[in-house]
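To keep things simple, chains are lettered A, B, C, D, E, F, G and H as they appear, and every chain counts its residues starting from 1.
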Amino acid sequence: MTSLELETLLDSVRAGTVDPAAAGARIAAALRAAPFEDLGFARVDTHREIRQGFPEVILGLGKTPAQIAAIARSIVSRGRPLLVTRAQPAAFDAVREVAPGACYHSDARAITLANGEVPPGRGTIVIACAGTSDLQVAEEAAVTAEIMGNAIDRLYDVGVAGLHRILSEHHRIQNARVIIVVAGMEGALPSVVAGLVSVPVIAVPTSVGYGASFGGIAALLGMLNSCANGVAVVNIDNGFGAAAMASLINHL
Amino acid sequence: MTSLELETLLDSVRAGTVDPAAAGARIAAALRAAPFEDLGFARVDTHREIRQGFPEVILGLGKTPAQIAAIARSIVSRGRPLLVTRAQPAAFDAVREVAPGACYHSDARAITLANGEVPPGRGTIVIACAGTSDLQVAEEAAVTAEIMGNAIDRLYDVGVAGLHRILSEHHRIQNARVIIVVAGMEGALPSVVAGLVSVPVIAVPTSVGYGASFGGIAALLGMLNSCANGVAVVNIDNGFGAAAMASLINHL
Amino acid sequence: MTSLELETLLDSVRAGTVDPAAAGARIAAALRAAPFEDLGFARVDTHREIRQGFPEVILGLGKTPAQIAAIARSIVSRGRPLLVTRAQPAAFDAVREVAPGACYHSDARAITLANGEVPPGRGTIVIACAGTSDLQVAEEAAVTAEIMGNAIDRLYDVGVAGLHRILSEHHRIQNARVIIVVAGMEGALPSVVAGLVSVPVIAVPTSVGYGASFGGIAALLGMLNSCANGVAVVNIDNGFGAAAMASLINHL
Amino acid sequence: MTSLELETLLDSVRAGTVDPAAAGARIAAALRAAPFEDLGFARVDTHREIRQGFPEVILGLGKTPAQIAAIARSIVSRGRPLLVTRAQPAAFDAVREVAPGACYHSDARAITLANGEVPPGRGTIVIACAGTSDLQVAEEAAVTAEIMGNAIDRLYDVGVAGLHRILSEHHRIQNARVIIVVAGMEGALPSVVAGLVSVPVIAVPTSVGYGASFGGIAALLGMLNSCANGVAVVNIDNGFGAAAMASLINHL
Amino acid sequence: MTSLELETLLDSVRAGTVDPAAAGARIAAALRAAPFEDLGFARVDTHREIRQGFPEVILGLGKTPAQIAAIARSIVSRGRPLLVTRAQPAAFDAVREVAPGACYHSDARAITLANGEVPPGRGTIVIACAGTSDLQVAEEAAVTAEIMGNAIDRLYDVGVAGLHRILSEHHRIQNARVIIVVAGMEGALPSVVAGLVSVPVIAVPTSVGYGASFGGIAALLGMLNSCANGVAVVNIDNGFGAAAMASLINHL
Amino acid sequence: MTSLELETLLDSVRAGTVDPAAAGARIAAALRAAPFEDLGFARVDTHREIRQGFPEVILGLGKTPAQIAAIARSIVSRGRPLLVTRAQPAAFDAVREVAPGACYHSDARAITLANGEVPPGRGTIVIACAGTSDLQVAEEAAVTAEIMGNAIDRLYDVGVAGLHRILSEHHRIQNARVIIVVAGMEGALPSVVAGLVSVPVIAVPTSVGYGASFGGIAALLGMLNSCANGVAVVNIDNGFGAAAMASLINHL
Amino acid sequence: MTSLELETLLDSVRAGTVDPAAAGARIAAALRAAPFEDLGFARVDTHREIRQGFPEVILGLGKTPAQIAAIARSIVSRGRPLLVTRAQPAAFDAVREVAPGACYHSDARAITLANGEVPPGRGTIVIACAGTSDLQVAEEAAVTAEIMGNAIDRLYDVGVAGLHRILSEHHRIQNARVIIVVAGMEGALPSVVAGLVSVPVIAVPTSVGYGASFGGIAALLGMLNSCANGVAVVNIDNGFGAAAMASLINHL
Amino acid sequence: MTSLELETLLDSVRAGTVDPAAAGARIAAALRAAPFEDLGFARVDTHREIRQGFPEVILGLGKTPAQIAAIARSIVSRGRPLLVTRAQPAAFDAVREVAPGACYHSDARAITLANGEVPPGRGTIVIACAGTSDLQVAEEAAVTAEIMGNAIDRLYDVGVAGLHRILSEHHRIQNARVIIVVAGMEGALPSVVAGLVSVPVIAVPTSVGYGASFGGIAALLGMLNSCANGVAVVNIDNGFGAAAMASLINHL
């Protein structure tokens, strides 16, 4: 029982179309259902959507295709949307067998299957990235935000070395309810963007760069030390996490 | 001209109580006003409130009391609220001369002066901290969130080594629109809190600890690697930044 | 001569079934035996079991299959149990030739051969891990603890983002004499577990994660800074070391 | 109600000297008592002893003398033993007012007050340190272990540059049920000690040293990479944590 | 003999106003002079100006006032300009005795004495800094550049969180022959400035900031990873080094 | 319209060979042209040459061959010179299709196509490297400097362990207008070279080395801490960046 | 002309068997010979043996087989011994063509060719290593020390977890004139060895280990912080450097 | 009984001036003497001189004046020379009471008392330092080397930015049997010196510098990565350790 279903049920009770006793029975049944499904190697958190508004998402990293497919089956069989991040093609092959309609986003390295209803976000999430090389992370954010019910607007390759590229898109930035800014190297873009708007900016450092970028540390530190207000940071290359955060905000 | 004043003016135009030409003249005058005041050693960003919803805040660190007072005078003289973070008592003495009503929050090391109108946030910001030693940072967040117009709820010393302390406050956590979680040492509290709610969590690592806490690095890394969704992180000890972010979200 | 054999011998002397002189001769012979066997590239520590309660274990990392097999032969030929950690399949092929009954645990990357008697541990060692991706390290701990004579109980995928998963297994945790907690990313699980029990917790950080997990540093630092009492830490990914420590404790 | 009191009560029930109903009532009353006392800035975890075998210990670092005294009063007033670590003399002055019998261990920077009964550990905890400069941390461990009910044996200045110093104390090491080894600089002593015994070794790196000791990082890394089995590590300078762990083991 | 004096001499030879033999004798005498003056604790590099265009500069850090004064006397007595960086007031007191006309720049922590002729730079060096807290380092650069013969233009508190502050000074930036950009925190300003101009930018990270600024590491890494071309970096807080580099360029 | 074309046009106007009105029309047309070309995944900064003196350069790292070729086509089609750094052979194959005359410098891992006019630098850029293993980075610098219009002089394998190798080339060093010094390991060469000359030295640390070279950190830190004046540093292995900086200086 | 040849020549002069004039001519010719041979990509330092007692050694890392062979030919053609470290088999194939008698030491990853006379060291160099996995580095040291003319004694797998292994070889350690100690993981062996002897110990950290060994940093730091006197350290895995240092000492 | 006394005794036996039996008795007595004196907080290693050629040296860091004085008394009372490093003036006051003739070297922060005979080193130890700020560490090395019986030659302020300063002292460098090179900042001097000589170079990084010198890490890494042969490194600021190593070598 998703929170949406719960709300609908309670609305029906108030509206008189559903009997309180019947509603009570259905809620009790849902509560009796185990809050996780134990697969041995994994415990699928079946109550996560009740607590957090979206079912458990599968981080593909460090799991075998078989493990990913087994967890995916558990989620899809309960009629809920599927998202696998950091998924290799082999994982997609395995998932496709248990979730035939799933599709693979190779830029984003993600598997999705829209399934059941997801409440829509209230505004637009702008996803900006500094360079072409940040695209993979930006796409992970985009795919995640979309399956979580948000309208998105992509603004790619607008790094600070050519300020006019971002300034010329000022109106699109002003239109956002939340902004995700993805950047590697010196990670300066979030500061510049946050200085122009009054909405929250989620900054995603990427491991793009070489030498003293230290796999994204330079960008991470830059973003944590942003002199602009309204910037919070997620892990290096964590497009998914940024989008999950942005989606929570956009659903407030 | 604050964004509130602008909105009020435009409402009056739509309502017919102010003449469009007169309104246009007032707006043009505001735009003609210099977008910053140059004090030589500082350029006070007088348009920041238009862009970001709150006037420039003074970071006391690395500025002399005289410099802080001069910037404070510039802000207060325009009728706007004042916030100085990382302020030593000597800075307060200097500020009090130019802003007589200002008060000093010693726990938070902050100076504030409520001045002019600030639009209220829509919900409550819960500020949770893991231990008594995190209090200073938590208070900086609390003072900041309040002067920015938000209702706040403090939940102190609820670290994960005694889980029942946070679980017993479950209803207050559920009541939040945004949650700020402040923690030093291993920084595990944001993960636990975010796992229980469906609102955004802003995590603030603190430099509390010793040895391998490395001045907050342990907590910072812990929070960046949170296995829970809906967590974004600000700089170590940056209570102000967390509150500024939370306030932006709470005003959406 | 293992410490068990020594004890048995001395018991027999006390019981009068073995003559003191004969016993003395056997002990002297054992002491005369070289305390290590020099293979040129390795000195097999044949007295380690006398000093530490379990024969030398072979760390497969950085050794050739031929070197591993030669050391394995030396151990097995003295009638003692064999454990090779970090073993590649090629090493198993070489070991199987000198120790036909050995088996390969692919999840744990370990080779074992039960051989001779091992004194049993006194209670149960619970092995908990935070996520499916930590399985490899948890299994190394499990295989190690078992061959060292301990009863174990596996509790997998009980990370803190879904607290109910660990809380619902409270009774199994309470039943442990020692607990091994394996976690990557922010490494928060040991703090939560240690806060619930009064037995020692051995924390094992894993290299699971990406970006700012820095190959397990985030988890390692989190565990070293645990705000809970009764937590001590071993090296990143060192499932073997955790189990060796837990086994020593469980044999007290 | 401590676990000792609970055990005694249940023994009495079995022995027939206490009526089951009366016992039930006393247990229920204890459970009804709040599991923590909320002092505003701190929540004293009054059930910690039930869960973990010893009441909450106060980490003095980052707390004001007044805060420390308030928490101390809460603990002492429930008739339980007091331990404050990292306590400055000013904190002792404040604590003495609320706990007149408390004493200050200046070497250990700790305040203690034996209060109520504490179950005794089963064997001896040896506390070895490598150099005279490690004394402060070793003493913190010694004071902690003692108030938690353990017999201890101090073995100071036995670093590896003069091996005969530790080898000549072989019999005292062999006599231990648990060993705490405190060392700074290269932190090699735990490996050497663990190689000689079959009991668990808790290693405590200290910040003693200069230059590339990096405040204890060198010793910490050395201990985490120990080539000997049966070594687990706590935070740099964490004498308290080592003793808490050792005490848990010694009470098994 | 400075390179200016050498050039003048050779010009005179060509012009016929000085006899080649006489000129040769003067040059030979200069070459015979010791290339350094040995003060015991220091060897003053008296040929540095011939090789590098400016006499040896004294880094005050780690030297006693007496040592600084002795080196200063050696330089001034040869009729050359004096610059002492990182100088405490006590050092100034000592220097004033051997170089009466010297003055102390407290913002820049520098002592200077214009002495003898210095060839003028060809254009203007713009010195921009991101925030008021970077002033000390910017002033060290300014004082250095001036005594080395350059025209300078100060542009302070123009950080990227309020882009209009730097964009509104576009004409002054365009007027520079070299630009020094001083910034702490995320260090993004050099990238933005370099993206706007076609002259070299010398970036100076400062230790301004707290937490994850790690004493300037964040800014340093940001600048090293600049996505803009024409940026090179000097040590953290090294205003002197940036100005020395800029002056060399400005004298080309 | 490049800055060269603009200058030529304005010269013609002054010379009377072009009508002011016609010139105005051509300039207006150029300004009307979009300042970047949006390829979806990339925004080619078509005004970069106007601002910075050389068209956008393509960093091959993290881009697919198809993406690189598309950006290359955009640049070449406007008649401007092409430079792709960090280019794999596969990228060259793709570029050759859209820019038939391009050539691949395998030592430098770079693709170039001389195209249109480039203003010549004023002096010679010396490129020195410490060891044979630094050749790849030195060649990237050489290829970059050449296509940007500079005369270069290569001085390879002149590391400080055999000082006579660099000292014997003293005259070539003295002949430079700017010097690029490429070195791995301890990175000492820039200090030695800068001590001998009065022109700017751009230092490039390389990732050459092993163990405690930490992928170039040792060399980077050495160069940032150079005791010689007139040294500024670029990112590890950033031969391109050093040459871009040197070229800007050489065109002053 | 090697220093040995020079000495022999001068002895002959003193003995009257060689005419001073003839000797002078031979020495002058040697000095006239270029002090390096310029191969374009490399300058072979042909005077290194005069300055340092052994001809240039080729570090294979980062050089192509062709480059290595060309430098090798230059050395061998002057009749001097050849040593190539970090050599892959492909490099050996190339070298064999220009130096037919060369042999490849696969354990040590080194190519050698004894060629011409090398002065013998005065005592024995003991090379001890802690574990079998350190063998590669120890063998690089052994091969280097041998070709430089030293008697060596190998003592492998004598790590501190089984102290009796090193103590039982006490007489061989006492027999050394210099000792090289190779160890990974916690790197404790040099401290233990240096505490037992009165000859210099050269410590070589290795990258053997995993997790918090951080590629040899743990061992490196341990060795730098050794509490024993008479220990100096070389780079991680630098068996060659340790042997070169030991050989210099052994030739004193 | 020092090794010198032992040698003398055995020489007398061979010479027939001492009776073998008498000699045997004296040696036996010495062996019976405890190999350490236990002061409670310290175990003075009275056999260190027998094993290592010089009595135990007291590291003043982290010891109280009273502790230092007690250990000093133990050493002096056995008639052996005293060396206390890192000694504050307060420690000197305490030592003077138990060792009246001791003197304090304030530059070196060391206390010494020549006492009894020390065997002389065979050659000269040159101690070179790069800058005036490295003097403290260089003096610690000088004082140590002298009390250990070595002739020394100081060569101060000869850093690589003015190469002629070191080259002009070439003859003094060539005269050394061992060279200690002390340098902060980029730490390049050891590479340059080692490239000029055929004797061992002990490199001492110092914490002199600021910003990216990171308390001596830059210099340490530079020295570990030296491209010259015959360089080994000791801890940052460890002048004592370098001299102890050099003295061992000089006594071979």
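Throughout what follows, contacts are C-beta pairs under 8 Å (C-beta built on N, C-alpha and C of every residue); 3 or more make two chains touch, one makes a residue touch a chain.
Since this is a predicted model, take the numbers as computed values, not measurements.
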item	value
Contacts common to chain B and chain E (chain labels)	A
Starting at chain C, fewest touch steps before arriving at chain E	2
Contact-richer chain pair (by C-beta pairs counted) among G-H and C-G	G-H
Taking each chain's C-alpha mean as its centre, the one farthest from chain H	A
Superposition rotation for chain C onto chain D, Cα-based, multiple of 5°	180
Whole-Å gap between the CA centroids of chain E and chain G	44
Distance from the mean Cα position of chain B to that of chain A, given in whole angstrom	26
Chain centre separation in whole Å, for chain G relative to chain A (CA means)	56
Multi-partner residues of chain B (each touching 2 or more other chains)	131, 161-162, 194-196, 211-213, 217, 220, 224-225, 229, 235-236
Inter-chain touch pairs (all)	A-B, A-C, A-E, A-F, B-C, B-D, B-E, C-D, C-G, D-G, D-H, E-F, E-H, F-G, F-H, G-H
Residues of chain F defined as touching chain G within the complex	131-133, 135, 156-158, 161-162, 164-165, 168, 208, 210-213
Residues on chain F engaged by chain A in the complex (per definition of touch)	35-36, 40-43, 45, 47-48, 59, 61-63, 67, 71, 86, 205, 207, 215-217, 220, 235-238
Touching residues (chain side chain F, partner chain E) in the complex	3, 51-54, 57, 123, 177, 194-200, 202, 220, 224-225, 229-236, 241-242, 244-245, 248-249, 252
Sites on chain A touched by chain E in the complex	130-131, 159-163, 185-188, 191-192, 194-196, 209, 211-214, 217-219, 221-229
